[in-house]
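Each of the next two complexes has chain A plus one more chain, namely chain B in the first and chain C in the second.
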Partner chain A sequence: MKNIFAVAGIVIKELYRRKDFYVLFIVTILICVVMASVNIFDDKQIIRYLKELSLLLIWISSLVIAITTTARQIPAEKENRTLLPLLAKPLSRTELILGKFFGCWFACGLALICFYVFFGALAASREHHWPLLNYFQAAFLHWIMLGVVVAIALLGSLVFAAPSSNSTICFVVVAGILFVGKYLDRVALSLSEPGRSIAYSIYYAIPHLEFFDMRNLIIHDWPLISWNYFGLDVLYALAYTAFFLIAACLVFRRKTVN
Partner chain B sequence: MRSTRPIGLLLIALLTFCFGVAACLQPWLQSLETAHGETGNVFQTLFGDSRRLFANSFYVKADEYYHSGYYPTIFDNNEAFKTPHMAEDTGAVTSHNQGDETGFMGAPRDWIDAFGRHFIPNRHTHLDEGGPSDDLSDTSDVREILPWLKLSTELDPDNVQTYVVTAFWLRQRMNKVDEAELVLRDGLRNNPNSYEILFELGRLYHESRHDNERAINLWEAAQKKWLALDPQAQKDDTLTYDKILVNLAKAEEESGHWQQAINWFQEAKKVAPAADALQKQIDELKRKIEAQTNTPAGAPPH
Partner chain C sequence: MSPILKTEKLRVEFSSREFHQATKVALHGLDLEVNAGEIFGFLGPNGAGKTTTMNVLLGFVQPTGGTAYLFGIDVRQPVARQRIGYLPEMTYYYKFLTAEELLRFYAKIFGLPRAEADKRIDTLLKLVELESASKRPIKSYSKGMQQRVGLAQALINNPDLLILDEPTSGLDPLGRMKVREIIQRLKNEGKTVFFSSHELGEVETICDRVAIIHQGELKTVGSVTEIMGQHPNLEKAFLNIIGYQPQTAP
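Presenting the complex of A and B:
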């Protein structure tokens, strides 16, 4: 565990040395502040459009941070020729993968804390109340979902040749799941065999990331979701994260590192 | 080390040149826009006619907000949402909705669908009836649809329905009568032949400003605009015409012009789906006129 957290610590330090997060955070704030200054029929209490925009930017930013940070971890170690010296230390390949995963995931968590604190402040400035538990559920599920994305990107960084191709494929896959993942069964119904079976197989196999998207509930002030379903949702994500991490460890174990 | 002075001077010269060209071109471009009848709308310049597509998307988005996010996607059965409910509830639009609005999702198809429904809005509500909280004491949350409606009107200034819906909610739930009037006047500027906007403006004067005379004038103007439509367009929207006439009749009745009210009711009978109810009102007014005629001299006036 000590080795894993040592590697994770380095990844977190890398995030706050790089400028990606700061740029995305400042751009999000600027866009939200400009949109908040728009006068809509002299009503200062209109907030939901602003919450929607803010959450959309937070989701895009978090996915950019998660995928780009993770996709370059192993290739950068190879390129800088630090991978072999690293593995020469008492550090197994599995520990390295887990360290990289936890580093990226925790780094995303830190970024999310900043984003959601800003979001809460923005919403409270007009709504004058803090539904803290709702925000906690939304932010936590968002973070858990990023765990799956980080694990996918980590596996991709071992399979694909370059970080750019890995990032692009990860973005397409994640966006595809988020936008059409839950409708794949209906798409399957309109197809003929073997397309139907393939679409159904994909529908049941993919991690349904839309389970973690609570934006509509937060924007429109819906009540809390049941904690039982919240717990099941977390378990669902952890299962997929474990699957992709085990796959990454198996691929990395057989991979030549020089 | 090479001096940067020549580069600096070159940059200043280029900047001066660019400024000069821009200053020369600006009046020419402006005259060109005026010649093409363009109003200088940013969205028109950026999107051209495709802005109408965006305008419609934002109009639908407003209806999605009206339902607090519980709204069919392109994959769902949207038969019950053909006419936006936020427009239907204003009473100014003919509804084309059919089917079950509360259960467009149908029964869960599998465990993924059933589980996923716990993380999305899953109940049919309207913002003017309290939204997800069902709190009828606070119906002003309907204000949240306004940004999308405003954006929609700016993208497509020719869509009459957007002005009518925006003005209705501004007036009815936000008590912003002045802002509602501004929206309708803006709509009338862009659509001078719109009887729908004139009708809504009449309602504003009648219900919110309690100015019967101006309301009657506006509804009479609306009636004339409707009569100027081609026969097919008239056939398509008899509902609004019926409302214009019935409102005119009631306003005349309130003003004590009973014979004029009877005339409007009789006109409305030609297009109204419930002609019997109108006939009862006509009979009632005739009785009133008769009673007034038979009132002996010296009796208190009506």
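Presenting the complex of A and C:
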């Protein structure tokens, strides 16, 4: 485990020494603060729109951080030839993959804490209340969902040579799952065979990332979801994360690295 | 004395990505043994298979056939690399880290306790003369300084075997001299050094034994004196062994 956390520490150090996160965070803050300072049409419910837009920005920013940070990890190690002295140490390839995964995932967690604390402060300044458990459920499931995304991007970085192509493909896949994934079963019903079977297979095979979208809990102050469902959601994500990580380890195991 | 580095009938083939091109054989059944405490020069023209051999020893490339051992352990096991240090031909390290942070990271991977790592990092930074630059990011270092960081990271675990891939390539005469001094000092400490180089004068000066490889085949192995034989220097002997015929001007 010490090797895994040593590698993860380097990934986190890289993230906070680069400018990507700061730029995204500052842009998100600026947009949210500007939105919060205006009161269009004197609408008393305007805070809901503000919360909705702010959370959408946080979701987009977190996906950008997760995918771009992860997609460049292994290719950058290869391109900069830092992989050679690293693998010449008593570090297995599985440990390297797991270290990269945990580094990117924890880095996403740190970024999410910054985003949600800012968002909470902004919302509390207008609503004068802060439903902490709602925030916890939404932020935690968001982070768990990013674990699946990080694992997908890590696998992609071993399959596709260029980080840019991997990032693009990951964005398309994640956006596709989030926007279309939940409707695939209905699409399947309208299709004839073999299209129907294919659509159903995809529907049951893909990780349904929309299960982790708890923004409405915060936007509309909905009651908490049952902790049993919360736990099942976490297990569902961990199963997919493990699947993609095992696939990444298998792909990387026999890859020539020079 | 049992060898600390050993290859048996090592064969490496690279399959071509082009449909009509044949598989390239990089190593044809290489048998090599390096004993403890010697400086072993691994020579050959470009493309001879030197780096491929090192890549197999370090687990970067899986052999198609044969086996390789470090300290009697199959190189496919990460633990085989616990007692080795490696300096690649071109040194590149995490540019956002300082030399001290980089060495600390590698010390963690070797499982060195904190106090021992601190002591070792101080000693190595002194050895490679980088104490004053240890808090600066590596991206601000010159090529020579980066090469010295490379040497320091290769020594972080106080290895018994050092594998150096053209350690003086691209360095100025002063940088080369410093690297040579360090290698000599390591030999005096009883370390084993396995290194490839194109600087035959350097090899002649510091190596105990030399192997010459050409087109993936081991041509000869022996002490510098044995290999030189009747030739005035190692360069002439080397050219003769790889079958180079000087062309006369028309």
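As a working rule, the second predicted complex is superposed on the first by the 251 of 258 C-alpha atoms of A that agree within 3 Å, B and C clash if a C-alpha of one lies under 4 Å from a C-alpha of the other, contacts with A are read in each partner's own complex, and residues count from 1 in each chain.
What we mean here is this: a residue touches a chain if its C-beta (ideal position, glycine included) is under 8 Å from a C-beta of that chain, and two chains touch if they have at least 3 such contacts.
These numbers come from a predicted model, not from an experiment.
Peer 1: Specify the outcome, clash or fit, for chain B and chain C once both structures are aligned onto chain A.
Peer 2: fit
Peer 1: So, A:49: does it touch chain B (first), chain C (second), both, or neither?
Peer 2: The answer is first: A:49 touches chain B but not chain C.
Peer 1: Just checking: does A:20 make contact with chain B only, chain C only, both, or neither of them? Give me first, second, both or neither.
Peer 2: Neither: A:20 stays clear of chain B and chain C.
Peer 1: Who does A:127 touch here: chain B (first), chain C (second), both, or neither?
Peer 2: In the superposition, A:127 contacts neither chain B nor chain C.
Peer 1: Once the shared chain is lined up, is A:92 touching chain B (first), chain C (second), both, or neither of them?
Peer 2: A:92: touches chain C, not chain B.
Peer 1: Mind working out whether A:225 is in touch with chain B, chain C, both or neither, as first, second, both or neither?
Peer 2: The first partner, chain B, only.
Peer 1: A:183 contacts which: chain B (first), chain C (second), both, neither?
Peer 2: first
Peer 1: Between chain B and chain C, report the minimum C-alpha distance in the superposition, expressed in whole angstrom.
Peer 2: Superposed model gives a least chain B-chain C C-alpha distance of 25 Å.
Peer 1: Using the touch definition from the top, list the residues of chain B that touch chain A in their complex.
Peer 2: 65, 68-69, 73, 75, 109-110, 112-113, 115-116, 118-121, 131-133, 140, 143-144, 146-148, 150, 170, 174, 176, 179
Peer 1: Taking the touch rule as given, give the residues of chain A at its contact with chain C in the complex, in rising order.
Peer 2: Contacts found on chain A: 2-3, 6, 9-10, 13-14, 17-18, 80-82, 84-92, 254, 256-258.
Peer 1: Spell out the part of chain C that touches chain A in their complex, as residue ranges.
Peer 2: Residues in contact with chain A: 51, 55, 58-62, 78-79, 81-82, 84, 86-88, 90-97, 101, 105-106, 108-111, 150, 153-154, 163.
Peer 1: If we count contacts the way the header does, which residues on chain A are in touch with chain B in the complex?
Peer 2: 38, 40-43, 45-49, 141, 182-183, 185-186, 203-204, 208, 210-214, 216-217, 219-223, 225-226, 229, 232-233
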